Every structure is written in C-alpha cells, then in structure tokens.
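Down below are the structures I want you to see.
Next, two complexes with chain A in common: one pairs it with chain B, the other with chain C.
Here is the complex of A and B:
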C-alpha cells in the first residue's frame, strides 16, 4: 500500500465522518431515529464481531445483552438516576454475565455453543417478560428520559443522534485499539488454531472468557442507548430474533473485519427502510438479497473488497517480479 | 550436568491400546536427542503426554527437577518448554511477523500489561531478528497462509524459539521440506543449540537428518523403549535394524 493509498483512506474517513455529522441536520424525526438506531446496533454488532469474528466463539445471545442493558437503563433512569450510572451498571453486569456464559465455550464449540447461548437468550427473554416486579412484564417501561450530556439536553432527535454517534465513535476507537493490542492477536489465535495457541503459552481459557465478557459488555452499552432512544421498552424487541439480526449484521458486513458491523448494521437497519416503496415485498427482497450476497461471498461485503485487494496485490507483485526478471535477462 | 527433562515410566492407553507403555529417559542440558521409530509406535503420543496436551495414564514428567505432569500446555510453555508440530500449525491470516510476536507475547508481563502496553508487546525487534535468522526476511509482512510449505515449516520452528525456551520438542521438522531448506533448518537448529544452550528432542523419519544433528538417539517400538545410544551405536543395534532400519 502506497503513501497515496493511505492519504486516500484518511480522506475517505474524514468525508464519511463529516457526512454523518452534516447530512442528517435536515433529516426529519424518523430519519434521525433510524440513523440513531444504526449507531446503536453497530455498537452491539461490534461486540458480537469481537466474540465471533475475532475470537471465533459463536453466540446467539447478543440480543439478550442489549436487553439487559436497555432494562438497566430504563429501570435506573426512570428512578431518577443518571444514564451514566446505568451505563456503568450495565457494563459491569453484562461483563460478568458474559464471562459466566463463556464457560460453556470452554467445553463445547460451534453449533453446540450456539445452542447453549440460544438457551440463555430465551432465559433472558423470560425474565424480561415474567418478572413483573422488576421489568413491568408485557406492559413495559415508558417515559424513559433522555440524558443531559455535558450540559446539553438530548430530548430532541438531532442532539440525541449526535449523542449516539459520539458513543459509537468512542466505542470504535476503543475497539480499534483493542484488536491491535496483543489481546487482539491472541483472540485471532483462538479463532484460527486454539491448539497451537495453547502451545505458545496463550491462556486460551482466559482469552475465551474475555472475548465473551467484552463482547457482551458492548451489547450492554448498546442497550443503555437503546432505552432512551425509544423511550419505551417492552420484552418483544429483545427476543431471539434480535440476536439473529445481530448475527446477520456481523456475517453480512464481514465477520472479523473492523468495519464489518458498520456495514452490516447499515444493511440490516437502513435497507428495509429504502425498500419500503416495494410495500409488501420489501422483506422478501431483503431476504433474497442477503441470500445472494452470502452465496457470492460467504465472508460478507468486506470479504469481497478483501479478495479484490489481495488479487491486486498479487498481480502487482508478479508484475514487479516479471520486470525484475526481464531486467536480469537483458542485463549485459 | 543437570537433567532438563526427566520422564519416568510414562504410560498412555487409548481404550485397550497401549500407545505409550512405560517410557523413561532423561535429557541433559544442551543435548539434542533424536526420537525415532516406525509409524504408530507412540512417538507423538509421548510428546503430547510430556507437553500436557494429553494426560498420561501413569508416570511422571519433570522439567528442571520440577514435576509438571498435569500442567496445561500454556503453563508448561511459559516455564520454557516449546514445541513444533508434525502438521503445519501457523496462523494463516496473520503476517509472518505477527505470528512471531504472538509466539513471544505471553512470555512477559501479565494480562493487564499486555492490554495497555505497546501493540507489538515490544517484540518487533526480536521478531525481525528471528525472521533474519531463519532467512524469511522478504516475507515478514506476508500472510503466513501464503507461504510455501517449507517456509511455513521454518516459521513454525522460528515460533517455537520466540519465547527463549530451555527445551524444545520438534515433531518431524524435516517432513516435506526440500533439501536446500533442510540444510538451512539443520544449521539453524545446531546454531541455536550451540549459542543458547537450548535442549532439543526431535522426532524425525529422515535418518540422515537425525544421525547428523543428534547427540543421542532413542528408538521406540510398539510403545516401548527399544534402544538408546549414540547415532553409531543405534545404527549398529541388531534389535533396531530388525524393528526399523532393516526394512
């Protein structure tokens, strides 16, 4: 990759960030709601991308952690506590539960692990629905306040969108740094070859549990933003289908790629909206599009880009070799 | 001289099959012990028992006089016992340099210092030195999965040395490696053995490789120790010729 390519990437990054800040300024309430939802779901999908994409541990419980975070925020903020306190509690709670949920992963893998986490997902849903004293059951919790951030009220849609976007930026930076740390390398080792990892002194048990705990904690972070976004929560959004949606976001975007969740969440949240003009057919079109994509590229959208770049690199390298060879041959 | 590795009466059964049937031996510091025997005689199983990848049915393993039976492979590795694998075991999506950094990073500091420390765990220089030592310079930033079989074998061996191990168990390092590279590999191993006083146990089918590299050779057959001695003694042993070399 040339210096030129690096500048282009930085320029592209700045352009995207600027667009995310400026363009929504004249969006209506619904548009801002959808974009905020995209930011929130991206955070949850980033957590799952860490657990599944980097560390290779299948989880069908990410939606449950979003639920735990959302209920924590709803219960605490409707009691008059600040959202930041709820955020702290949600992170600690989801980290601890995620850690415990990681234990089965030390014994079972792949689809067996998927079933264990699926059972947890169901259990969490039953708690949200049946424990009326805590969650108000099927009636849900309404009147969830939006926070004041650094003295600014976020009651209106635009400030709240900026609040979500800012949170996404912070989580992204933390994640970028995490996957570049030795931990990130150890997570990849866990995914690619746990036996070899063990023989290199990598404590695979501790890293597996960490991958679950951190991924789940990010689900909790997304939940604490989700509650003030909708301002009303009931158990329904946090059933198994949310976990499946999040799994799909990670896979469609590109599992194990840093920007995968951003794209995946965009497709899962925005595409159905754009397809609304087709009326009754939009879900069908959406499903077909996802199927076609995964047949064409099982590694998701970023997998296509990755393949293209790898091909170009190989071509450039073989061209260089050919030039070098012809110079050798023509040398006097 | 102190024994780096002491194996006492190690047994491993799988159901009714006695894969390793009461093996005892010592390896002294700085020694290169060859371990040979026909396919299926229990060499790799013995390795896995020593390294904690399999729990031995019976017996004891000591490293530097300390009992290590029952330790996990990761704990044993951090005590300075490293290994290579018979089949390719590199991390294909990571670059050559990243593979080597990964191989060394758990040998220093703790979980927290690894999280908050530098992203290369301060090992870039050590990794590059190892890359130079194994003549992989032009491949440092390539994904390990894109290397040739022989190059991956070299990388696999290099990874085993990243943590500065006292004892390295090599499982068929020469398998599938071409002649030029094989010469390189042998020379590199001999150099590390000389300079770092590293101790090796090598499983290998390539007799030329074993006989020229090893100071002592141990022969296994059907889970038992058949012979032990210098390469010349082993080559002349009638029981060994009968069981193995004679074919």
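Here is the complex of A and C:
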C-alpha cells in the first residue's frame, strides 16, 4: 500500500514536470508569459510559505522584497552587468533587510512583525516612486535585457519560460532540502510550540529571524526574474496589494504544505485568465471563491486533500482492524 | 505660526475621522479577535449606499438614514454572520486573510456596479468659513471635528457609564468569566459589530465630501486607521482615539513641513518607532491576551 502510494506519487510528479516542459511548446507569447509569471510568483510565495507556513510569522512585505529584487535586477542589468550578479546582490540585500526588519519586531511579540512589515511595504513603495535618480520614479525602467543562460539567449518567450521553470526547480530542490534539514525542523518546532522549542535549546528568535530573512531573500530571487520577464518595471506592481496577494496565494494553496505555493500561485495567476469570459467580474468571483474556500477549509486546498487522505487512512486502518478482529474471533 | 494653527485644525478633523474608524477596529479586535483588513472598504461602502439611495430619488437626509441602516445590516450583521462566525473557530490568521479577500470583493463590486470614477458627495456641514479669534477656519473642518468628538464622547460614555458598556468591556476582557457571571456574550459581540458598522458609516459620511467617493478610497483610510490603532494601543479604545488624532495631525504637518512625496512615510516611521520603544502603544497596556 505505501510502496504503491509512493510509486504513484513519483509517477504523478514526473507527469506534471513533463507536462510543464512539453505542453507549453506550442503556446503563444501570452500563454508563455502567464506561465512564466506563475513560476516567478511561485518562488515568491514559497519564500513566504517558509516564513508563514513553517515558522508561523505573518509578513506583509513579500511584495516589497519582490520589488527590491526587481529593481536590483533592472538597475544592474541595464548598466550591462550580468543577471547572476544582480541575483547575488538581491539575495544579500533582501536577506539583510529582512534580518534588520525582523529584529526589533520579534524582540517584542511575534505578531508585531506583521505591523512592521506593513509599514516597510509602504516605505519601500515610496522609495521606488520618489527616488528618481535610482529608480526613474513613476516613469519606470524600460529595456531590461533578458539573460544568456549557459550560452543560450533567452530573448524569445519559450527559452525564457524554461529559464523561469529551471529557476523554480532549483529553488524547489533547495527548499525541499531546507525543510528536511535540522533548520527546517526547528522552524516547524517553533511554529507548533515556541515554548517547548525554546526549552529544547532552540534559539527561537534567531531561527524565526532566519526563516523570515530566507523567505525575504526568496522574494528577492522572484524579483530578479520578474524584471527580465516584463522587461519594464515601475513602482505600481510592488505596492501593498502584491504583498496581500502573495499572502492569499500561500493561504489558499495551503500554508505549511510544500506544494501549497504552487497551487496558490496557479489559482491567483491562472484563474483570472480562465475567468476572462466573465469580463469585469473575475476579481469579484476570485474574492468570493477565496472566502468560501477559507470558510470551508482554513488550511487551503491542500488542507482539504490532507483531510480526505487522513480520513481514508483511518477508514482503511479500521477496516483492517475489523478484519483482524473477525479472524481472531473465528479462530479456534 | 498662523499656518500651523490651520494645519492643526485640519489635522484634528481628519484625525477625528481616523479615530472613529480605529475605534471600530479595536472593538472588533477586542471582542472577537477580528483583524479587519477590509475596514477601509467598510468606510468606502456606506457613501456609495447613500449615493445609490439618492440616485433612486430620495432626499439627502433619507439617504443618510437608509445608508446607515443598510450599513448596520451589511457591515454589521451580515459581516458577523456570514464571514466572522464561520471563520472564528479557525483562528486569527485565516479570518484576517478572508477579510483581505472581502476588501478586494467590495472594491470590485463597487467598481463594477457603481462606477470606477470618483463621484462628488454632498456635505452635511454647509460650506463656508467662520472666523474665530481673528482666524478664518473652514466650517467643514469644524463641523467634522465637532461631530466626531460628540460621537467619541457618546461612545466613551456608553462604554464606561452604562450597564451595556460594562458588559461589553467584560466580554472583551474575559469572555469565559463574563459568561459565567451572566453577561450575554453573544449579544455583546453582535453589538460591537453593529457599533463598528455605525462608526464606519458615520466616518464615511464625514470624510467622503472631502476626498470624493471612489472605490479605492478605502485603501489609504484603512491603513491610517490600522496604524492609528497600533500607535495608540491595540487594546484600548482611548488609545485608538489618541492614535487617530495623532496620525491625522502628523499626516497634515508632514505634508506641509517634510515633503509631499514622503508624507505617507511619516506615520510609518512613527509606527516603527512606537513598536521599537513602546510596543503596547502610547496608551495601551502590555498585551494580556496571547494571540
């Protein structure tokens, strides 16, 4: 039974990966743009999932970190520097800002991180908008080049989509490793019971800061992909509502589940496209759907699946028990 | 110097409106752990309800009454029964996220069914200026300030001097004990939702003539109220009032003396400073309730 389940899971994983590689081959430019956007948003949501789902901290600034990453990439690559350098700078910058931001907030009470990040989100937006010498203000930065990856130019939509997908795969593997490492286990421990984690010798504040800073750095990674994807950035996409959208993605997909952000980003990015026939009503429908989902299952879509599987397992176990019992009774 | 006085009066007037919204916000938090991210949209909607009634041909005074009644029904009773009650047992965070979705839904609904453009809104205070001690002050600022102060005083009296107010406070401080000593906790929680709906409807009535009725106008307002509540003290009604007035004044002074570009940054910096040095807020008590 378990071997069978594992087999199916691996088969499903391979099928999904193959589909992500093969199916978009004859997509048009717009379809590929949407799929690339999905990959980028998934990376940002994965970072937030680490902060929120695994370490239990609410951050309202993930959108601002995406913005910092995007502006870093835009400014550096338009100056002729390679994207990989921008990626390094963005990671270090977002990690450091995350650490500094979390430090005072986590000194007092953990939900103060939400308040501080809310303020930071607005401050970051104001800097993007007002510091013309750096960010060109409301006019934005245009002509952001797409990178050459291993000698391949990614100017066309399909290669760039593969570049985004590959980045997503690398980030996913790193995250998979991280949440199974002692660090990841410490994150979960301090989400589940901070007092117990502390008494077991985990430096809770340091680990919480670490989770927040790593999550923020992943926001920066998503930003460095976002800039060459759109090739033009201005401050508007990075306001508070992007942070709130990312938070909704994580919750809707299922926070604390590894695949939650993948699903959440898919719904947030693709659902509006599918609901396009409803014209202006799609955001309204999306909002209603999110509310209904949360009422039905506050742990998101994967929460429903999890509950269903747990129920089936219990049923199977009790069936086995019943069989064993009847055998025991019929035995001489 | 004379300019400063004008700024202070205007700041206090906006601040009084922020205070109304922030008070509702803290009331919901205290009695039912609801962090309402749609609070700004709650202020945006009543103005549109009143406009809709007026478009149907009703006079302004009738529109105000119907608008407030509709707000009580939708934003008070409906919000509690349809969203908060089913979600409350799931904890603070899913409910907060659900209110974010509600905010998007409300904005989109108004944009779709009413208008994406800003609409003018009549003022309940007649236009014009009065001169006090040789200073010319706009009647609108003064009227807003007077009305908001009257409401805040009324609310404080209700909370501190009446039996219902004491029962509400008991519900906020310790629902279990309140239930044991016979406070109808459920009814008190419903009452706070109705009070919040009334406060936002009133705030809508006061602020919309100044900033026009627009589907997105709740974003700034909601954030201001949120910050006012935290700065003043998340667990205190008088903290929210002080926070609202402070943010209003600071906002106006910042626009004049710092820079219009970074005006919005000043309340944020204030928020961060408060969290650093006085995390329970200016008038708040250290948190008694764990989240």
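Throughout what follows, the second predicted complex is superposed on the first by the 323 of 332 C-alpha atoms of A that agree within 3 Å, B and C clash if a C-alpha of one lies under 4 Å from a C-alpha of the other, contacts with A are read in each partner's own complex, and residues count from 1 in each chain.
In the analysis below, contacts are C-beta pairs under 8 Å (C-beta built on N, C-alpha and C of every residue); 3 or more make two chains touch, one makes a residue touch a chain.
Remember, it's a predicted structure, so these values are computed and weren't measured experimentally.
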Exercise for the section: Kindly classify A:202 by the partners it touches after superposition: chain B alone (first), chain C alone (second), both, or neither? Expected result: first
Handout entry: Partner touching more residues of chain A, whether chain B or chain C
Key = C
Exercise for the section: Kindly classify A:280 by the partners it touches after superposition: chain B alone (first), chain C alone (second), both, or neither? Expected result: second
Practice task
Check the residue A:182 against both partner chains and state whether it touches chain B (first), chain C (second), both, or neither.
Solution key: first
Exercise for the section: Answer with first, second, both or neither: which of chain B and chain C does A:126 touch in the superposed model? Expected result: second
Practice task
Look at A:190 in the shared chain and tell me whether it touches chain B only, chain C only, both, or neither; answer first, second, both or neither.
Solution key: neither
Fill in the blank from the handout: Residue set of chain A touching chain B in the complex reads 178, 180-183, 185-186, 188-189, 192-193, 195-204, 206
Problem - Residues of chain B touching chain A in the complex - result: 51, 53, 72-74, 77-78, 82-83, 85, 89-94, 98, 101-103, 105-107, 111, 114-117, 119, 121, 159, 162-163
Handout entry: Complex contact set, residues of chain A against chain C
Key = 58, 104-105, 108-112, 115-116, 118-120, 122-123, 126, 129-130, 240, 244, 247-248, 251, 280-281, 283-284, 286-288, 290-291, 294-295, 298
Practice task
Please give the residue numbers of chain C that touch chain A in the complex, ascending.
Solution key: 37, 83, 86-87, 90-91, 93-94, 96-98, 100-102, 104-105, 108-109, 111-112, 219, 223, 226-227, 230, 261-262, 264-265, 268-269, 271-272, 275-276, 279, 287, 291
